[in-house]
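Letters A, B, C and D mark the chains in the order given here, with residues in each chain numbered from 1 onward.
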């Protein structure tokens, strides 16, 4: 069991009165990710609704803010009870046996045009053992070919762009890996959290995007940009791709500052401090 | 109340043994769309599972077929109890009030890149009254600019392609209308059924794709290709776009013939025959 | 006759030894654009070749520089003897009569995918009088729909992107106008020079991109971004699109500063000062 | 010396009166490709102009036809005097030494978006010896990854599409090879002719598209689709890509039949019959 404390602070200056926000910055609450404690502080006296989307368990904070400054601070203590598995024992799930709620994740989406990449993915990965190792090979292929470079991509950048341009940030690595998985019928989804364990030389602690692939009847975690430690990922949201799980979707004109984010491992209820580390086993926080 | 009888027959010759199929050809079962009777006949002795996706209520028929011919025949009797509303009383729902399960339909998807069309949609439709009439104006704009032409589009064709090329089939009209709605934050989804009432000069009765937009706290039906009579639409599936709701997704090599499809209005339980007609009211089969 | 003095200074710091440059910063020399005097100063002792491409008359400065700083300064005095014509007398040239060397300019190019825009252009401009006024209508349409915004486009941005996104800089306005002209078989080319007459509020004097369209048996000047005074355009280069006529193409790693550019009208050989102004006549500096 | 006889017949039925055609079906006349004899027969009594574009030496047949049937028959006897070179002695030409009229062929064009492929091309080919062998490696890479399949591409298909989809016809192979060459600053152009030596199992003799790359101070011939015998290529046209050198550009509504094309080696003026064969040397018909 790993206990993590996270703290986020988002700062905006809102130009329009009545500006709507949809945030996805609450830790998801799942059987393997327990939200032990959490708090939300808003600098405006607003009605803030938090809704849980029943299928994904994403939690959306929705509010309508007044013109002027708005500070949103969220803190949580989260316990992760990972499922571990030996990679060699995690096989793919034949399409015929995929659960109905997983099926959607083999279809293409806005930023993951898997329908275009079937032949390329078959050429590169078609001959491999159909299991966790194949997904890992896709992850390694993406990481090996793509250079992490800030400010090379924007909200219009898709998996195909990243495949061609071979540069991007964590969002782009994730999209490309997802598209390649789906291209060979492996369900894959976009997950968001915090870049636990990232090298401080890359900048301050930030939001992170990574991948969950459905193999061995479970969603396993992969980090295609290779910048962080997957065992320390507290999941905020999952979706088809970045279109579904922005940290903040804003319907109006605002100025925003860079978010201030902190995450650290702390001692659990039993007094034991377990720090996330790079492990060779397949890990999952799925039910 | 309208009672419709539908009959589909799909014919395949399968090259690979153990070929997986996922069909979405069952009429959805909703409070306003009652499946009074239905039957499924397969020419191979197969286990056929029908699963209902809980959120969309799409029903998926999944089976694994043997090499050789496969005939899939589906028949159903369906009662539609439409909700009618005067268009002028159906307003848009502010983002702040959109239900969580509707939110996903304002985000871009594979074939509906609404994120690219915000400025264009604002220029064309930004000044209009925010209600059903604005959605209808988008529908009319798409219909007016696009020429229905068979064999001008393929499975890679997106809303942007249709906007540029100004030709397509019902799927393409639907994608473009959806993208424009979402571009101004009106939830819109892709719906599939049968082209009830289509001019026989356009060819035999066929599958159909149309649009549902969320206004007035409800999903209302729109037919952007203008080829059919919306009151006669029996819904099979809804999704983000065509990526989600193919009639048949096939994981293997098959030859297929053109489907044979029939639909007709029949007398209801009360002996009364109500034939679908083009109406000026807003109509919905949503709960 | 208009006499203009131009001065450019480009500053680089070169990382690689033996870095190749191709500049197109020399005023073209044509029967209607006389280079009265010019000078080139390089801060490194380099062999600098200036070659004239025979068909376009573009003049390319090519050099191979050493690592370290490089300053390139060019000054010229240029006399423009415009051809003027009443717009109503300038008709389009039927394809059958287009000169062979003009034909290439009705075909699509990297950033001007005119083949995609035929139907759209016919819808918008197909019914108009086939002459200068139709080209002007295209120019006005582009200007009306597109918002000049710095840093919204990059070297990958094409006419289709600008059509969709409705923002850009002079290069993007030019590409969209060119694509629409070619889509209805009006030859159009990309031209580069200096933004004579631009509002100083838009920033310091800069390079400029505009359009020449072939109507009335001659290449006439159009300024789709509407930011400058066409009569003051000293032409550097023309090409199919921006791919052909970059101010500087650099084969290596360099840092560059913003160019320092000046242009002003001065008294001509006869002592008379003619200042460029916005005129309603069609103007050309073509032979 | 190789002597080839070619015969083409194109058949149209024209709907509009006064329909313009631009054909590029005349053998180019160059120092190494001598047109010994040729004839053109038209089934309508039309004025037919043949113009030679001075830089490319492409010969364009232009005519304006009446409504009704039009048959265009062209026959020619052509002598090819190839330049041969040992591949290991053909180096690349540094950008600094590229002739001005060759420079345009390192820039991207409509169907060859080389600007997008720089990193990918550097990854695949950046470490190789800079000469003919590198171009050959690009040709082999394209051939190895792409499957020749009729009816998988259309007039909108570009090099990036072919890279992703990994299928196409000769035009698509050529575009992808050209884009990859330009991405590493090797000038490459699109060439058209007849598929001399193609396997009759692929269908009747047809037009062909191939590549010329500028190495060793000369344009050398490459056949990326690998379907024909390069030594038997009679060049019709060269251009930036297929946008420049269509066999027929038609400005109006016509029905066309498949062209009937024949090509064969015959005895030359000296009575000797030299049949084209697959050779290992670099070959060129450039000046």
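Throughout what follows, a residue touches a chain if its C-beta (ideal position, glycine included) is under 8 Å from a C-beta of that chain, and two chains touch if they have at least 3 such contacts.
Predicted, not measured: the structure shown is a model, and the values here were computed from it.
Visitor: Minimal path length between chain A and chain C through chains that touch?
Guide: The distance in steps between these two chains is 2.
Visitor: What are the chains that chain A and chain D both touch?
Guide: none
Visitor: In terms of C-beta pairs in contact, which of B-C and A-B ranks higher?
Guide: A-B
Visitor: Any idea how many Å lie between the Cα centroids of chain B and chain D?
Guide: Taking the mean C-alpha position of each chain, the two centres sit 46 Å apart.
Visitor: Quick one: report the Å distance separating chain A from chain B, using the average Cα coordinate of each chain.
Guide: Those two chain centres are 31 Å apart.
Visitor: So, what's the distance in Å between the C-alpha centres of chain C and chain B?
Guide: 48
Visitor: Listing for chain D: what residues touch at least two other chains?
Guide: 116
Visitor: Edges wherever two chains touch, nodes for the chains themselves; is that graph a line, a ring, a star, complete, or other here?
Guide: ring
Visitor: Given the complex with chain A, which residues does chain B contribute to the contact?
Guide: 20, 22, 51-55, 60, 62, 64, 94-96, 100-101, 103-104, 107-110, 112-113, 115-116, 155-156, 185, 239-240, 243-244, 251
Visitor: So in the complex, the part of chain D that touches chain A is made up of which residues?
Guide: 116-117, 119-120, 123, 145, 147, 160, 163-167
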